[in-house]
Every structure is written in C-alpha cells, then in structure tokens.
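In the two complexes below, chain A is the common chain; its partner is chain B in one and chain C in the other.
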Partner chain A sequence: MEDDSGSLKILIADDNETDRMILQAIVKKQGHAVVTASDGLEAVERFIEDQPELILLDALMPNMDGFEAARRIKELAGEDLVPIIFLTSLKDAESLAKCLEAGGDDFLSKPYNRIILQAKINAFRRMRNMHLTLQQQRDQIVIHNEHLLHEQETAKAVFDNVAHSGCLDSPNIKYLLSPLAVFNGDVLLAARKPSGGMHVLLGDYTGHGLPAAIGAMPMAEIFYALTSKGFTVEEIIKEINSKLKNILPTGVFCCACMLDIEFREREMKVWIGGLPSCVLYRSETEERIELASNHLPLGVLSSDQFKVKMQVFEVSEGDRVFMWSDGIHEARNDQDVMFGEDRLMDVFDQCKRPDQLFDDIQHSVEKFLGEAQRDDDITLVEVRIPNEEEVEELPEETIDVSDKGPMDWFLDYRLNPMSLKYFNPLPFVLQLITEVPGLRRCSGQVYTILAELFSNALEHGVLKLDSALKKNPQGFSEYYDLRSKRLENLEDGFVEFQLEHIPTDTGGQLTVVISDSGDGFDHQAKIKTDGNVQYCGRGIPLISTLCRSITYQGVGNKVEVVFEWHYQQTGS
Partner chain B sequence: MAIVSSLDAGTGELTIKVKGRFDFSAHQEFRDAYEKVDSVPGLYLVDMAETTYLDSSALGMLLLLRDHAGGDSAQIKIANCNSDVKKILTISNFEQLFDID
Partner chain C sequence: MSDQPHLDTEALEELRDVMEDEFNSLIETFITDADKKLVALKEAIDANDASEVGKVSHSFKGSCSNIGAPMLSDLCRQSEDKGRDMDISGIQPLFDQIQAEYLQVKELLSQQLN
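And then the complex of A and B:
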C-alpha cells in the first residue's frame, strides 16, 4: 500500500553488490522503501514475500536471469501493474528492445543517472495510480451491474405476479416470447371475458430495461381488471392510453395491437396502433388479410384527442390471427440485411398447411439469420378461433367467494340518450349482481345473457337496426357503421334495467327486467314457429341450471329473466 | 449520424437535418439543435433527405420536439423521407401529428 507521501516499496535485484548499494542510496534519498535480491530466484521470492510496487531488475544474473524473473513476476502480479525497469549495461538497440519484449516496462542503462532514475520512478508511480483507479472503477461497475441485474430479476418477479399468464396457456394461443422480453419492452397479455370470449394484447414499449418494464405493469393491471369486469375493448384501450399518457414521459409510448374475440358471435374486433401490420388468415379460403396500424401508439394522445376505430371482422373456426412486434422485421443477418415485411408475407403465400404457419415463420427467420444469430428477441403470437367444444373446455378463472353480501334489494336504472351514447352500463350492473355471494361464481353466464339482452334492446329496440343485415360480409361492417351513426344522432329513447334479488330457502333468486323504447317484435309468433327463443339470429342454450326462465312481455320490448342459485353443499 | 441545423432569421424557420441513422445516439445533439437557438423559431423543418433509418427512440425525439414547440399548436414539417423512413412514420400514424412529405 502507498502512504500519503506517495512513497513506494521498491525491489532492487542485481548480482553486483556495488550497483545494489548505489541504487539503494538513490532510491532511499527519494523517500522510497527498499528490498533487495542478488539473483533472479531471490527476486521472485522477495516479490512474493514483500509485495514491492516497482522493480529494478538486472538483466543478467545467476540462478535465474532477469528475463525469466520478469516473466514469473508479471504472472504472479496478474491483473495488478507492477512496473519492471531493467538494469543493463548493454547499449545496442536490439538488446534494449529485448528487455521490453521480455516483459519489462522500461530500461535503465549504466552508468546510473540519479535524475533519470528518479524521473522514471515518478512516471511509473503516476501510471500505477492511474491503473489502480481504473481497476477500482471497473470493480465498482461490476458491482453496480450485478445490482442492476438483481433489480431486474426482482422487477421481473413483480411483473410476473401482476401480469400472470392470464389465459396465455389456452390451446388456441401459440406464442414466442423470450423470458426477458419485458425488458425489451415486449408484453403479451390474454384474458377470458365474462361472456366467454377473449381479449389479447400485444405491446411493444419504446426503450429497454426497467423503464420499458415499468410501463407494462399498469397496463397489465388495467387489462386484467377491466376485462374481468366486462368492459369493452374500446373502453379498455382508452383507459390504457389515458394511464400511459399520464405516467410516461413525453417521447415514451407503447405500440400495441389488441384483439377482442367473441367466440359465440364469431366476431373479432382489432385495434392497432404503431405495430407493423398483423395478418388475419382465413382457414377456408387461405386468404391473407393485412390489418394495418391505423392509430398512434398508446400514451401519445390525451384522452379527448384519442379516438378508437376498431377493425371489425366476422371470423370462423380455424381462422388465425398473427401478431408480432417489429423484432422480426428488423432482424438482420450478417450482411446487415433486414428480414423485412415482404419475406414475412411470403411465408403466408407459400403456406401449405395453416397449422404450420407459426413454425414456418419461426424457421424462416432462423434460416435468414443464419447459424450464428439468436432469434430470441422475436415476439410472435398466433391466436386461432377455436371450435365450439374447445370453447366449453377453456379454463375459467376462479374467484374468491365470501359468503356475506346483499341478499334483498331492488334497483331501477334507466339510461336515456346521452347515457346510451357514452356509457356502457354492463360492468356496473354486473358488479352489482356479483356482490350477491351465490352469483359471483356465475358471473360469466349472467354477463352473457345480460349483454345479449341489452344489445338487443339498444340495437333492435332503440336504434332499430335489423340483425338480418349482419348475415353477409359487406352487411357486417355496414351494420356497425350504421350502429355508430344512429347512436351518435340519437335524440330519443331509453333502455331500462329493473333488478330485484330475494333470498330463498336454498339460496337466492334474481329477476332482471330489461325494457326499451322500441316497437318490440312479435315474440308470440316467434316462439310458436321455432319453439326456441332466438337472439340476434343465434340461439343461446338455455340449459344453464341457473336461468329459470326468459319471457318476453308486452309488445316484445320488455324481457324478464329469472336466475336461481343455491348454496353449494360443503365438500362439493 | 450527424445533426446539422440552421435558423432562417427572416422566416423564423429552424431546419434540422439528420444524416445517417436517426437513433438513440442522436438524442443529445437533436435536442441541442432546437433548444440552443438564439431566437425562438416559429416553425420547424426536419429534413430527412440523408436519413437512412428511423427507430422508436427517434420517434420519441420527434415527440419531444413537438412538445417543446408548443404541442398541438406546433408547426413541424418532416420532409424528404425515403421509403423506409416513410413506412415507419406511416405505421406509427405520425401524419396525425406532423406534416409529412
């Protein structure tokens, strides 16, 4: 260790006693401490025992010459800088060069000049200090880096708990997402809707590391909470945009694609902002439909400027949607050529079997990148429209149920034009109903039926839309355009909920009456003809033991649904 | 990557030219180009004639410029984009916020 005055411990190795004494005197006069050795072997031993900081080494010594001693000492010193100054009477350039090649840092020729020796010692002392500083800084960086990695692991654990896998493990979803993708800004979320359908959200945040991961957490919370409560995809995207706009600094945003799939309705809505075009691949026609980004990324526009324009499609069993972040397009091979969108679309065009598309895309990228490159920065998702049986089998999410809550109550809730335009009452009504302990576990079924009846009341009753319009592909988007337009221009009309819950001996009974200002329909005739009450042209199975009855009243603009639930047996 | 800027005192237009790859390494220079000016520009022109590539951090920098220049009232033109750059701006729908050529 050096003390404050900057004095060093210097080893002087020379077989000539006189020379040793002269050097010792010069060095001590400069204020340094000295240890001595009289041959190469002793020099190495002295180095090990006394740990000198600088060495004056005679090139030619018995037992072991200076060159070998220098080699061993440098090896022992390892990473530390212990300057070696060779002492030599040789004057020719080759011999002097040899000293440096042998591991020496400098040489000093006889006769020894005191001033030159002292100057060289000072120079090497500066160099040693610089070297030590660099080592300390390097060590600090290593420690900080370890802390950062540890922080990232902790953040990842928190994120995983918040994001949890939702229903990403559903059999109709395939995905490629590296374990640390969140630190590349990539987030993939999927959740079942209470009505049975599914929301899937792929996000790509700007930036890397913790800042990218932090933005993902509020987004995941909103996504899961609002999806489970029955909020619509439009409402969820708006809420996420709003949140991100508030919390992310200017210039940080999230490119995203969100899917809303209604299995029973066979409908899909897509929101894309900032991600490269996704693909809807029709299984029957093998048609590839590109869904292009038509919004700014999330977190850029304020709520009042943020307008949602969903792309709506009818989908059939086996159709597949492919989503990706730009990692695939930007992947470069060793000629620095990007994979690009054209190559990606080619994979679809050359597809032989739709169920292999996912693997085909992956292989195509791997092949393009070549052996050396890793493709674990790629994020790729395939969502397939499942068939009926699969839908029934999809896992439901379990909810904690406490056994106390409101058992006897009545609510009358009427929505007039402004409310119908700007507010979706379903989450609120569902929330109210699921406060009843026995109904919480049936929230999916309750929601499905309420959503269907409310939609009928609003669309057929108040807006006077004809569901027959939805039967053909063009009619489909026409229907939704007409719906938007009529809703926007709505001046008169209402939809009213009347809810009542009473306890029974074995559980409880909920009655819901939904009425609207429309003209109704000839419900008597309908039931007589096909014996099964149809909604929107598609029947909902009434086999649920929960729904005791559904009856239309008056001219058909009023419908009453009765639900019954029973306390579960213990141990069931 | 290099940033060259010039302020036209007569029209009050600040032209910022980005040469090469417009990515995170341009961050400080780009910012200095519009912050360290003698007089406040009235309008901005980002000249991409020599810009080869744009990544998401560049998009972020453009948003920062817009914020600095007054947000919704900012007058910013992005000109001379090559097809790659244009494509990225189109996917992000930046024509909703900037005047793109």
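And then the complex of A and C:
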C-alpha cells in the first residue's frame, strides 16, 4: 500500500545479479521498498504474492522472458495501473517497440542512469495516483447512477399509483404510449365523469427524466379527483394550470390537450395549449377537422391571466378524435428528415377505413423511420365517440354503508348573477348530498340529475337560450358563444336549489327542487303531446327513469324530482 | 575505439555513491559473475553454439556497461552480434581480446575497492 510519503513497493526482475544490486540500491536510495526476482516465472510469482506497485523488468531472462512475464502481469493487474519499465540493452527500434507492445509502459537502457530512473519512477507514481483517483471517481459515478436508476424506479411506482390509467382501457380508446413515457414528459389520463361522460387529458411536459415526471403527479391527482366530483373541464384545466404555475420552475411547462365528451348529449369540448393540432375525423362525411392550439401551455400564465376558451363540437357515433405529442412530427429518419405535419395529415386524406386510421398512422411513422429507429418516443391517442349500447354504466361503488350520517336535513341555496357567472355549484351540492350514507354509491345518478336540471335552469331559464339552436351545425358553436356572452353580461336572475332528505323504512328519500328566474314554459301542454318528452336537454327521459317522480310546477320555472334509495341487502 | 578507457571512473564514482557500504560487495559480485560468464562463453564457442554465444555475450555486455567498463562492453557487443548472426566461425581472436580486456578491468576494479 502506498503511504503518504509516496513511497512505492517496486519489483526488480533481472537475471543478472550485478544489475539487480545496482537497481536495488538506486531504488532504495529513493525511499522505495524492493522485492526481487531472477527470472520471468519468479517475477510473476512475486507479483502475485507481494503486489508491487511498479515493476522493473529485464527483457531477456531465462525460464520466461520479460515479454511473456509482462503480458501475464498486466492481465493479472486487470483494471489497476501497475507500470512496467523494461530494462534492456537492446537498441533497435523494433525491439523497443516490442517492449511497449507487450504491455511495457517505458524502457530503461543500460548502463542504468540513476537520475533518469528516479525521474521515471516519479512520473509513473504521478500517473498511478491519477489512475487511482479516476477509478475512485468512476466507482462513485457508478454508485450514483445506480441510485438514480433506483430512484426513478421508485418514482415510477409512485407515479403509477397516482396517475393510474383510469379508464384508458375503455373500448372507445386506443393509445400508444411507451411504458417510460412519463420520463419523456408524456402523460395520458382518462376518467369517466359521474354523469357518464368522459374526460381525456394528454400532456407533454418540457424536459426529461425525473423533473418531467414529477409535474405529472399533481396534474393526475387534480384530474382524477375533480373529474369524479363533477367539476367541469374548464374548472379542471384552470386548477391544473394554477397548480403547475405554482410548482414548476420557470421554463418548465406542460403542453396539453383535454377532451370533455358528453356521450348522451353528443357534445365534445376541447382545450388545446401548445400541442400540435389534433384532428376530429367525422365518420359520415370523412371530413378531417383540425383542432389547433389556441392557448399557451399549462403552467405559464398566472390564474388571473389564464382564460379558458373551449372549442365545442357536436359529435356523432363513430366520430374520432386523434391526439398526439410532438414525438410524431419530430421523428427523424436516418437522412435527418422530420416526419412533419404534412405526412401525418396525408394519412387521413388517404384513409380508406376510419377504424384503421390508428394503425395507419403508426405504420406510416414506422415506415418513414426505417428499421434502425425505434418509435417508442411516439404518443398517439384515438378517442372514438361510442354508440349508446357501448357506454358502460358506471359501476356502483361498494362502500361500507353505516346508517350513521346526515339522514334528515334541508338546504336552501340560491345563486344570484355573480355566483352564476363565476361559480359551478354542482360539485359542492353533490358533495353535500353524498354525505348521506346510501347516496354515496348513487353519486353518478344524483350528479346526472343535478347537472341536467341546473343546466336547464341556467341556460333556458336565466340565459333564455333556445336549445333548438343546437340542432344545426353552425348553430352549435353559436349557441355556446351566445351562452358565454349572455352569462358575462348577466345582471339579474337566479337559480335556487331546495334540497331535502328524510329517512324511510327501507333507506331514504331525497327531494330536489330547482327553480329559476326565467319565464318557464308551457309544461302542461308538452306533457300532453306524447310520452316522448322533448323539451330542454335530451336527459329528461333518463331522469324520469332514475327518479320516483318529476314534476314541473308554477309556470314551468320550477321542477321537483324525488329520488329514493334503499339499503342494500348484505350478501346480495 | 582504442581511446575508450578500460574503466569509466566517473561512472564508478557514481556507483560508489549509490551503493555506499555495498560497493565492495557489488564489485565482488561482478567479478564472480564475470568469471562464470567467460567460462560459459568459452564452452559455447567450443560447442559451436552460436545462439548460446549470443545470449551469454548479451548478458555479459549488460553488466559490463553497468559497472563502467565500456571497452569490454563493446567487445561483448561484437561477440553478441556474431552469435545473433549465427556465424561464429572466426570468433576465437575476439574471445582472446575479451579475456585480455577482462583481466585488465578486473585488476583495475580491485584497486577501486574501498
């Protein structure tokens, strides 16, 4: 072992005793320790036993010459640097070169010059120290690297629990997402809304590795929590933006696209910020509609600067929305040409069968990249508007129901213009109602009822919008523009909730009365026409099936629904 | 070639400085070794073994140069070359020269003992 003074243990291998004596004296005088050998074989044995740090090796020795000894010693040394200085009176260039090729690091000619030998030993000692430092640092790097990888694995495990795939496995969703996509900054989330519809969010974070993945977690939490509570897509996007703005460092943000699909209403709202244009592909007309980004990415603007403008579409069964991160556009082949948006749009234009579009896009990119390239940086999503039968009923949550909780209560909650403009009361009201044990498992149905009736009260009652507008394609976006404008300018009006819950012998009964400041409508007349009640939204027939009764009162600006629930039989 | 000294006194002084107390021991070791080398060389020549002549000459040459006997070292080099060339036909005169030179060097070295 080297001590602090820098003295080395040096092996001197020479078959000539005179030469050995001289070398030994020179080396000891420099303060180093010496072991000796008189032939090649002995040199190798000495090396194994005594672990010298530097070797003076005679080139020509009996029993095994210096070259072979050098080869073996270097092999035994492995990764460590044990300098070998050949001792030789050979003068020709070929022999000297042979010394170095055999693993020798230098040579020393006879007659031995003490100054030169000492200088060489010093030089190699410096080199050894440098080599040792390098090895230590390299080993540290290896350990750190292993830690990092382990951390990443742990982070991924946590992430997978938080940002679970939600309802990505629904039959109407197809997606391509590499398992390590989160470390490329790509995140895909999907959840059913309590009303039965669906939210889908595709995010692409700037950066790579852990920093990119970390931002995705709060986003996933917010997405799933707020979606299940019945918050709107606008509210969710605002909340995510605000959270990311707070926690992400400058220069880190999330390009995203979020879809809000109402299956029954056949409506879709889209928010895009920073991602390349998405495509809505109409199945009937084979029209390709580009949904271009009209917002900055999430996490850039502060809450007061962040405005949400949804793109609203009427959609029919079989229509498909395609979303992607920029991995496709920026994929490069070995001529360094990018795949680009034009090629992507070509795939749509050449489409023969819409149900193959997803595969067509994938194949097109693979073909472009050629065999050498992997395409695991590509994130691709297709969301298809399903038909009625396909939409699975949301499973009822099976929660432990104890009959302790708010079973008998009354709430009167009136929202005036400012509240109507800036607040969505549904999540709060739903929360209150689902505190009732027994109603928690019906939150989907309750939400559907509340949402439908509130929407009617606000849009038709207070804002006086005519749903007939929504029947034709242009009218559709006109309707939503009008809704925004009228709500913004609202000065008078109200929507009022009156909720009452009482226990029954078999469970409980919830009565919801929603009234608005509007003019109502001739509900008596409508009911008399036919059983196919077609007023307001399309959801009224559904509500009728969910509730025990639904009655319009007064001039039609007041509706009362009664909803019953029963204790579940244990074991059923 | 004839203006080379039999002994390089400067080199010898350097050796004396390096070896300190072991200087005498070194000289004795050299002489003992050299005697053996000469015997081995003669045997190799008599056996007409050119390869062995080369090896022994090479080894002797080395220690001669280290001890500071340049002329003797050079004679050994010549002998080594002949051996490596595998032609030791007319080597006897050279051997005689080596032997003569060695006796001179040996005498001078014993005078140098501490």
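We adopt the following convention: the second predicted complex is superposed on the first by the 548 of 572 C-alpha atoms of A that agree within 3 Å, B and C clash if a C-alpha of one lies under 4 Å from a C-alpha of the other, contacts with A are read in each partner's own complex, and residues count from 1 in each chain.
Assume contacts are C-beta pairs under 8 Å (C-beta built on N, C-alpha and C of every residue); 3 or more make two chains touch, one makes a residue touch a chain.
Because the structure is predicted, anything quoted here is derived from the model rather than measured.
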*asked:* What does the overlay on chain A give for chain B and chain C, a clash or a fit?
replied: fit
*Contacts of A:179 with chain B and chain C, given as first, second, both or neither*: neither
_Apex chain A: angle to the C-alpha centres of chain B and chain C, given in degrees as a multiple of 10_ = 80
*So, A:274: does it touch chain B (first), chain C (second), both, or neither?*
first
_Looking at A:296, would you say it contacts chain B, chain C, both, or neither? Reply first, second, both or neither._
first
*Where does A:60 make contact in the superposed view: on chain B (first), on chain C (second), on both, or on neither?*
second
*asked:* Can you work out, in whole Å, how close the C-alpha atoms of chain B and chain C get once everything is superposed?
replied: 58
*chain C-contacting residues of chain A that also contact chain B*: none
*In the complex, go through chain B and note every residue touching chain A.*
56-57, 59-61, 63-64, 67, 91-94, 96-97
_Residues of chain A that touch chain B when the two form their complex_ = 204, 206-207, 250-253, 255, 273-277, 292-297, 300
*Which residues of chain C touch chain A in their complex?*
11, 14-15, 18-20, 22, 25-26, 29-30, 33, 55, 58-59, 61-63, 65-68
*asked:* Per the contact definition, I'd like the list of chain A residues that touch chain C in the complex.
replied: 15-19, 21-22, 25-26, 29, 60, 89, 110-112, 114
